Every structure is written in structure tokens, then in C-alpha cells.
């Protein structure tokens, strides 16, 4: 045929492959840099005081993030209480009872909601809870995070339940076990690992959310004594410290960021670990 | 679900055997599933309610007014729409080629032992919350850009109005760059799923004609996957539009429309994040609500577009969210 | 047939022998354990395979196969499923290079030149040895004409007139021209299954390969379309060397000049088709062609 362009084709081939490889490197680089800097600037600040003390007054050096850590835990706990039952039960309906049209719409809207900017959620719950309650509260923060979890958990639960072979259901029903027991004790139990994984993944995502908390839980330099009070959380604290003019708070922002990222990483690694025997084909 | 139809019949044959628990359970789970509809209605309703005052006051002009004057209660969304669009455009310009090239590398070109580790790396990047990226942005990226990159850009491209003007570090360009870092993981992973779903037979056809690896990718994979890739890009756009924390921390938060990319700017999400808790007066707050409504409208439309593209390309096998 | 060649291509095909030189007496198949070698009768063979092994991991899917593929003739590869026919075929155009678990050992020569030699690029080999697959796979984003010319355009042919001529020629050779000449710009997937397969044949022929490999080309088609493909093959062999893998014995009997019977990765018997089907030398061959197994 026409070989004159053969060299050019081989050159283009090599060039494109190099470019693609270069882009992959470019993608990995920010990640490595972030981790590197987090460790460099944040690790040294992680000491006992950091974990157990409250923030000092504005401008004073020292202090810690104890209230923010506890606050995050409280908010996440509320989120789980709201998000998991609704999400899992809703996912059960979609998988076990739902009709194709209904399910399509639910999935479609759930995906839309997942794409809504998280700050919008903050505004929504502000109108829903903060205004009637005349103030920011831990409850509002928990509610907004919980609402965000619902579509995530519902989708993953549905998918995981769909993977359970129909034969299990048929066998149980043929034994005369009632439908709801079949679902709960057989189907859900079989899929439990997957459901828990889905919840953990959603949790990892929620744990880093800052925007919706800015005007629901708001923040608190001390301890919150009830759910009706504003409460601090790690992401919000990081944000407030980072944009402040005080170098000592900047240092603590790095430390807080390191703690938060470690927390999220641990969840992600556990998820990987739990699902490793279900690894499918090569990428 | 045909087994369900079979068992439904069985249950109907012996109604007395059907436990009341079944009915209750079914209704319970249905109510929970319906919560999705309740949520979206809630979102729309709250935003509308909150925007009412501003909607009445400003009407359509809101979208095209440049003012943002809390003192005199004159508000307009134009500055923020501009900021959001510019940062998203920059983000996509950077993220799309890099992400798709990386997805191609992962699915077609990388040595097999490297693939899974790379995939894990990208998922780790996706797991980094916006606020942490923002911290890195403020303390590491901005100084680097301000001292090394931006002056170079100004030197080489200063003839363009885009690259003129004083350099502060915090800028629209920095905002765009940091949003691109947030978008890359999602565009890459969705693109990767799409490329993987291209049938091997297509690649073989191209190889059998004596095509080089790149040519096979171009002819058999990328053109086949075009529609799905558009969906991935638009999904990335949806993400870029709603990005809040990292942008707020590096964009400078100044409501203005200026040609220079080095100038600070303001996005819809950022102004809400910064000023919501400080807003005094019903009109101010309502204007912010309305900004939220605009943001919601735009992201929902973009997301619907992405969903439809992805669904028509690959059906149920491609998950829109990672 | 190939006006312009790279230096590599030049060396890959030294002066082509004229067809119909002396006709050496067909050597009788060697007795076991050496695998029965096959020698072609007419002229020098297009492809000579010597001691070919193909491994997937530790598994040998093709074991010690040696045979000659006659030029401008149709050679059929038959055998029960899993016997290594497709694996053997794919070794001929280096498709196994794409599979990291696959290992090819032995020698395959195209008109005398070793196609697995280090300095030979697979890209070049595949242009000279084309392939048609079991399931038709036209590129869905391209029109009929674009599918036919894709190989040409890759090789740098840009001249619209030449492309149009080649398109018509290839489609005529594939017996598709009359059916599509008025809609060359319609999408390729608007064709029926049988037409798509003929389009794939046209696409493979457009780059003017010397050998055409066909992996069960008609197995996904209805009898009418299958008959058309078989007619096509008989026409094509006037100009091309064809190797066709088929699990349909009647098809092999109808359409081929030589037949190779594979079983469990080994070449059991090879010879003129008439001989294989009427008086096979090996019992296993006879059992297979008479339908006792497989």
C-alpha cells in the first residue's frame, strides 16, 4: 500500500501514547503533593493537646480541636440515624417491590439530587429548621447530612440487593416464610456486607462536607450542650482557621485537614478490605 | 423480577396465609422510597419560598444586573454567573483533555500491573474533600502560582487582555485550576467505565486492518464512545458548577467582572457560602436564596443532560456517580 | 498489487513466484508422533507453518502444527469446538500479540519471510494478512463508504478519486456494490447482518491483502446470506489466498480446495478436500467427517 506515511504513523502512535502517559502522571501529581504537604505541615501539630483541648481565644496560640472532633462524630451519628434506615428501606422497596417505571423515576431523581451542590442543601435546611428554631443547631447539621446520605444509600442498597440471586428468595418463599421475613432475614442478610459498604462509602463522602454545615450547625468554639445548640465540626473548623489571619490557626488547619483525611482514608481502606474477595475482572 | 410475579400468585391463592407483616413492611419501605420525591420537592420549595422577596423586587433583571450592593439593597446575579461560568470553563478546558487521555491510558495503553494502582490513586484523589483541597490551595498552590506561574503567563501571553493586570495570586484562574483538580477524578472514572464498555470486537476489527495502537483507540474506541464521553464531560461540568469550598478559598471573593484572569472573582456558590450568615435584612437574604435557586436550576439542567446522554449510550451498566 | 512498499515490506515479500511451476508429488502424511505435515500442490505456498505452538499461560492450545497454505486457493480448517482452529488462525496474523497471556512459538512464513521476526512489525503483517470475524463488526460511527476506506485512509491515501475507485472495487468483490451503490453514505449499521458481513469483507479487501483469514464468517448468518458468502469465497480465490475456519463441514466440503482437520490442538490430517472427505487416512478424521463425534 502506501508506506510513505508509515514512519509518521508510528511516530504519532508513540507520541499519543506518551501524551496519555503524561496526563496520567499529571493526574497523580496533585494527589501526591497534597498528601506530602499535609504530612509536612500537619503532622508535627498532632499531639495530645490537639486532640483534647478546646480552641483557645482568638489570636492565642495553642489549643486543640476536641470539640470539633466530637462535633463531627455527633453530626455523622445523626446523619446515619436519618440516612441509613430511610436509605436502606427505600432501597429494599426499589429492589424487591418496585415496578420498572417507578424505579426509573426514583433512580433518576436520586441521581439528580446527588448532583445538587451541597451548599444548596444548606440553604434548604436553613429554611426548614434554622429559621423556625431561631438559631443554628447540631440537629440542623445532622439533618442536612442525613438528607444527603439518603439518595446515596438508597442507590447502593438497591444495586447490592439486585445481586442476590432470585433462587434464594424462591427457596425461602417455597418454604412458607412470609415475604417480609424472606427479605429481611435472607436477602438483606446475604447482601449485608454490600449494604454496609455502601453506607461507609456514603459516610466517607459526607464526612468531608463543609458547605451545608456553614449555616446549619454553624460552629462553636466550645462544647455544645444539646442538639439545639450550634456545634463545631472538623471541616468547618478547618475552613474558618484557614481563612483567618492567624498563623497559629493556619498550622492547626493543616493538622485538622490531616486528621480528616486520615479518617476518610481509613473508611475507604476498610471498604476496600471488606470487598477485596469480590474483586472482579482486571481494569 | 419474574419470580416475583410467580410468588405473588402463590400468595393470592392463600390469602389467609399472608402475614400482616408483609403489608406493613411493604408500605414502610414504599414510604421510604417516596422520600426521594419528598426531598426534591423540599429543595425546590424552600428555595422558591426563600427567594420570593427578591423575585418580587427584582424580577428577571436579577439575572442581568451587575450590582451587588447590600447597603443600598441592590442585588444582581450577573457577576456571580460570570464567575461561575468562567471558573467552570477554565476547569473543563484543563480537566477534560487530561481526564480523557488518562482514561485512555488506563484502559488501552498502560501496562497491566500499573492499572489497578492507578485506579486506586485516582479514587484516593476523589476522596479528598473540597475544604482540604482548599487549604492546600491557599497555602501551597496560590503562592506557587503567584510567584512562578502567573508571571510567566503574563510574560508570554500578556498581549491578551486575559493575562493582563496585577497579580495577587487569588484569582479566577486559580479558582479554575482548583476546580479542575476536583473534576478530574470523576470525569476520568466515568470515561474509563465508558471506554471499557466498548466491545473488544471493535478493537479487533481495527487491529486486523493493520492499525497502530493509537489508531485503534481513535477509530474503534473513541468514536464509538463519543456520546458517553460527552456525558462524562457534562457530568464534570455539573460538578464544577457546584464546587464551593475550594473555590471560595482561592478565588478572592470580589464581586466584579473583569477581563483579566488574574483578577479575583466570585462564584454563585462562594458568595452564598461567605455572606449567608452575615446577611442582614430580608432582601439581602432573599437575594442569596435566589442565587441558590439559580445555581440549583443550572446544575439540575446540566445533570439531567448528562444523565440522558449516559443512559442512552450505555444503559444501566454505567453508574453516573462514582 | 502493491505499488509502494516500505523497505520492510520489500524484504517481507521477495519476488513472488509465478503460479503453476512444477507440481511436486504430494508427500504422504508422516506417521505419528510427528504431526502430519501438509504440503500444498500448486506453486509455492503463501504461508508455511512449521512447528507452531500457541500457549495461554501453561496451556498449549495449538500443539506442534506444521502445514502449508496454498496460494490462491481456499484452505478450510475444521474440527470440533475447542480444538484450536481459531487460535491457529489468529496466530497467522499475529492477533495473539494483543494478549499478554499468549505465547507463540514456531515459525510462520509469508511467502518465505518470517512474520514473527523481531524487526517485522505486526501492523505491516496485518495489512498483508487480513481478517474477517465471526460476528460482523463494522464501525458504527462511520458510513458504508467510510468503513470500506478506513484501512486505505490510515495508510495515507487521501485522493478522493482513488478512494472512490477502491471503494467500488472492494464492494464489487464483496458482491455488495449493487445493493449499496446508492447509499454509500448511509450508516454502516443500517445494513442487514449478511450485508454487514460482506461490508467487513469489502473493508478487509480494500487494503489489498495477500491472504484473507475468515473466522467462521457465516456462522451468525441465515442460510441465504451464508450461500452468498460461499459464492463470494469461490470468486475471491481467483485473486486471494483464503483460510477459513468453519464448524460447518458441508461448507468446508463445498467451498474449499484443501482441508485441515484439527483435534485438541493438533493437526490430525491435511490434504485436498475431496480426499479428506471421501477417503481420509486417519480414523479420527473419518469419525469426525462422518459425524460420529463433534
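As written, the chain order gives the labels A, B and C, with residue 1 at the start of each chain.
Here is the rule we go by: a contact is a pair of C-beta atoms (placed from the backbone, for glycine too) under 8 Å apart; a residue touches a chain by one contact, two chains touch by 3 or more.
Values in this document were obtained by computation on a predicted structure and should not be read as measured data.
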{"item": "Leading chain pair when contacts are tallied as C-beta pairs", "value": "A-B"}
{"item": "Identity of the chain that, by mean CA position, is farthest from subunit B", "value": "C"}
{"item": "Most central chain, judged by mean C-alpha position against the global CA mean", "value": "B"}
{"item": "Centre-of-Cα separation between subunit C and subunit A, whole angstrom", "value": "55"}
{"item": "For subunit A paired with subunit B, centre-to-centre distance based on mean C-alpha positions, whole Å", "value": "16"}
{"item": "Cα-centroid distance, subunit B relative to subunit C, in whole angstrom", "value": "49"}
{"item": "Per-residue overlap in subunit A, given as positions that touch at least 2 other chains", "value": "9-10"}
{"item": "Residue list for subunit C, restricted to those that touch at least two other chains", "value": "123-124, 127, 154-155, 207"}
{"item": "Sites on subunit B at which at least two other chains make contact", "value": "112, 212, 215"}
{"item": "Touch list for subunit C against partner subunit A, complex", "value": "2, 4-6, 9, 121, 123-124, 127, 152, 154-157, 207-208"}
{"item": "Contacting residues of subunit B [partner subunit C, same complex]", "value": "112, 199, 201-202, 204-212, 215, 219-220, 223-224, 226"}
{"item": "Contact footprint of subunit C on subunit A as seen in their complex", "value": "1-6, 8-10"}
{"item": "Subunit A residues touching subunit B - in the complex, by the definition given at the top", "value": "9-10, 12-13, 16-17, 19-24, 26-28, 30-31, 33-34, 37-38, 41, 85-87, 89-94, 96-98, 106, 108-124, 126-128, 147, 150-152, 154-155, 166, 169-170, 173, 176, 178-181, 183-184, 204, 207-211, 214-215, 218, 235, 238-239, 242-243, 250, 253-254, 257, 260-261, 264-265, 268, 272, 282-283"}
{"item": "Residue numbers on subunit C that touch subunit B, as the complex places them", "value": "93, 95, 98, 100, 123-128, 130-131, 133, 135, 137-142, 150-151, 154-155, 200, 203-204, 207"}
